[in-house]
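Paired with chain B in one complex and with chain C in the other, chain A is shared by the two complexes that follow.
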Partner chain A sequence: MRHSHALQVGPVAFRLGSEWRQPIEALKQLYAGYPAPDGPCDFTVRLEAETPWRRWLRPAVAIRGDYTLPDAVPMALAHGLLAAEMGMNLQMALGQKRYLLLHASSVERDGKALLMTGASGSGKSTLSAILGEQGWRFMGDEFALLDMDDGRLHPFPRAVSLKNQAVLVLEEIVGGDRFGPVLRNTPKGTIRHLRPNEEAVARMREPARPVLILFPQYGRGLQAAVRPVGQAEIFVRLTQASTNYVALGEPGYGALCRLVTGTPARAIDYSSTEAALTLIDGLWGEFA
Partner chain B sequence: MAGLSYIADDESLVRKVELDGLTALFHVPSGMTHIVAPPAPQILEALAGRPADLKELVRRLSRNFDVDGAESALAARLDELEAAGLVSRP
Partner chain C sequence: MRDAALLVAALREPRSAERLGAGEWTSLISMARAESLMGSLAYRLQGLALPEKVERLLEDARNDAEQVRRQALWEAEMARRALAPLGVPVLLLKGTAYAAAGVSAGLGRSIGDLDILVPRESLGKVETALLGAGWEWVKEDAYDDLYYRRWMHELPPLIHRERDRMIDVHHTILPLTARSTPDASALIADSVSLESGLRVLSPPDMIVHAAAHLFADGDLAGGLRNLWDIDRMLREFRTRDGFWSSLGDRARLHQLGREVSRALRLAEDLYGTPVDRRLAGRRASFDRLFKRRLLARNGWGQTTDKPLRLAFYARSHWLRMPPLMLARHLWTKARK
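Right, the complex of A and B next:
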């Protein structure tokens, strides 16, 4: 590829190539301070023109790599950074076999990890980013990597993908130099990426033992509440939140059973960041 | 005349973990996970590697459980377990 960059994120190494300079430059800026891979790359992402002339004429970025989705619609070059991020997600979702991959955010304090998972819009990503600026170590907003041998969670501190209102919330908390460009009119609205802070990057190879699982649910006017969740429901929700549970077979089953039976879990409802942080604080005090 | 006979895989081929009264089963031959409620785990245990018809199943279960008058319910559970691939007819 004409332009490329290699990146270590937690235990995973990526090589990203592009026919255009812009996505790689944006990626280098966003991931400034991240280490280069300390071994061979696990996954390759390539941003290519859908057809040769679309490199120049109304450039359209197709996401390719070790794993691809054949029917994916190419993206505008202005969203090239998002394409690179989606490409990395795709490799993880389809190709990761070393860890049980949970679509969840995680943060750590005193060597113990808080795992948060829920549907898009639940606030798991935003909450992890905020906690990461308030004394917790940010481990990841998109994927949590469960070690199937020892049950610990490995960090995967990619840039936080902030959407719409969450962009404004984090812009008030974090200095400007850690933000990527504002990407408007994406399929998910306005997106702006946030580089995790120095501690999150410096400690990206330090796993932590999960001690609490939360299922946050955000809703305007929703009364703040904490609800117990049965173990079978936790199990089912986590299998739904995993992209590789079925592929991993028995080791994945064993790891998930250990996580579910050994970790308390609660569902929390909230309508404001403050309410969520108060609930999390209380639950952490109770269980951690 | 004996009724239809059913059999479940040997217990070495099924992993089980209790989850608050339900059971998460991992069926090794198929690689599939099932969440089941009683009496499914007890039926599977009674049929593990040993075929039985409904009458014999009731007899085996009655050693540990009160299954008087539960034949039709057990037959329905057997149908479900067969559909899930956890019991078969030898």
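Right, the complex of A and C next:
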């Protein structure tokens, strides 16, 4: 393809190709400092014109690759970086078969990992990004990779995808040069990507043992609270948070059982970042 | 990487892969995934001295193929249970058949829908039994439904409401409107029973079906995979007594002699398959185009050679139905 770039994120290597220059340039800038793959790539992502003339005329970026969703809606070229990110997510969701993939964020401290999962808007992504700036090692905000053999979590520190209010929160904390361009009017509103800090990138090949699972829930005016969650519920919620649980069959089931039975879990309600951080601090002291 | 020759070379001569660089591996993997040959390739390259990263990717592909196989066999068992009370022969076709029969073409093979074949006169009963066991219609379109029932060799696809898996119920192996008319009752009469009670086509008929699927139906999409099936089966079955002559007989019986000969020639050309010279026949001028079409994929996994692909797409419709009917079909489809 005309423009391309290869990227190592945790244990996974991507090859990205594009018919346009812009998405690849944006990607190179956002992922500056990331290592190049030291061997073949796990997945290929292609950003192609939906039809030949859509390369120039109202450019429409179709997200394709080793794995492709047949009915995916093409994106505007201005959102090319987002298309590249979605393309990598798609390969992982459909093609990753080595790790049990959990739609969750994770951070690490003292070799132990905190796993946070929840619906979109729960704040798991924002909280992991904030913790990553406050003494924790950021491991990932989108996917946590559970090793089915030894139960450890592998980092997958892609750029954090910040949405709407979360952009402002992180802009307060982090310096400007780690942010990608502001992408307005995407299907998910305003999005701005944040490159994880140097430590997160330098230690991207270092797995950690999960010691606490949290299900955060954000709500305006929601009373700060910690609630127990039964193991059956944790199990079901994690199967729903996994994109490849069914495809992995028995090994995936076994790995998830071990994670659920071996890791304490709590649901937390919060209405402000401070409240959430206080709760996390307390629970970490209790369980880690 | 302008065409899929790299993939064909790795399948044909696995040791050639030991010399590949990182970039070539990435291309090879993308092509193999695009052609649904990743699992087959992973088994083919097993045991070679390969870079650690490659070894991991191939191991993942083998594990995945094993899971795909297990799911496919389970789905076949579900259909068997649903249809057992009817007492009609149920034949597995294509990928599930290879897996169930334990033939080497099944090793690492991708398997999508469950394809079965039943006697045409039992279609109604079979349909009712499947609907009663949790399968549902996928298409709710009157024209498509009627089209399938009147002209196709299968029922409109059904999907299971809980397991989300599709089943294609065939009563023969080519559309009724195709140029050739295979002898469906002979397919069933010669079929082989498995331990489960399910049946598979006899070895020569398996190959005839694969050749029909490749050259008499469809636009050759996924053709490298189908031709690989044929290569594996020919290598496995050719040592049996009288195999080549019975393959020739069955091909003639099903009016698919031309397709089988072409399959033999192309398998020999691309995969180095040992074939019977007389049955393969002389090289035809179109062989070159078929070969180019089969290889029309680049190192990014993209399809190439648009005009040729389009030509084969047009051919697939041409083969499928007579001109007047084709015109009417396209007209109806376009108005929807």
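Please note the rule applied: the second predicted complex is superposed on the first by the 288 of 288 C-alpha atoms of A that agree within 3 Å, B and C clash if a C-alpha of one lies under 4 Å from a C-alpha of the other, contacts with A are read in each partner's own complex, and residues count from 1 in each chain.
Just so it is clear, a residue touches a chain if its C-beta (ideal position, glycine included) is under 8 Å from a C-beta of that chain, and two chains touch if they have at least 3 such contacts.
This is a predicted model, so every value here is computed, not measured.
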TODO: Check the residue A:E172 against both partner chains and state whether it touches chain B (first), chain C (second), both, or neither.
DONE: neither
Open item on the list: Just to be sure I read the superposition right, which of the two partners does A:D149 touch: chain B = first, chain C = second, or both, or neither?
Closed with: neither
Open item on the list: Looking at A:G249, would you say it contacts chain B, chain C, both, or neither? Reply first, second, both or neither.
Closed with: both
Open item on the list: Under the stated touch criterion, which partner chain does A:R46 make contact with: chain B (first), chain C (second), both, or neither?
Closed with: second
Open item on the list: Output check: A:A232 vs chain B and chain C. Expected answer is one of first, second, both, neither. What do you get?
Closed with: first
Open item on the list: Looking at A:Y67 after the superposition, I want to know if it touches chain B, chain C, both of them or none. Which is it: first, second, both, neither?
Closed with: second
Task: First (chain B), second (chain C), both or neither touched by A:R15 - done: second
Task: Superposition-derived comparison: chain B or chain C, residues of chain A touched - done: C
TODO: Would you sort A:C257 into first (chain B), second (chain C), both or neither based on which partner it touches?
DONE: first
Open item on the list: Shared contact residues on chain A, chain B side and chain C side combined as an intersection?
Closed with: 249
Open item on the list: Considering only the defined contacts, which chain A positions touch chain C in the complex?
Closed with: 1, 13, 15, 17, 37-42, 44, 46, 48, 65-67, 95, 97-98, 247-249, 251
Task: Parts of chain C lying in touch with chain A, wherever the complex brings them together - done: 22-23, 25-26, 29-30, 33-34, 51-54, 56-57, 60-61, 63-64, 67, 70-71, 300-302
Task: Interfacial residue positions of chain B with respect to chain A in the complex - done: 15, 17-22, 24, 26, 28, 31, 33, 35
TODO: Please give the residue numbers of chain A that touch chain B in the complex, ascending.
DONE: 230-232, 234-236, 239, 245-246, 249-250, 253-254, 257, 260-261
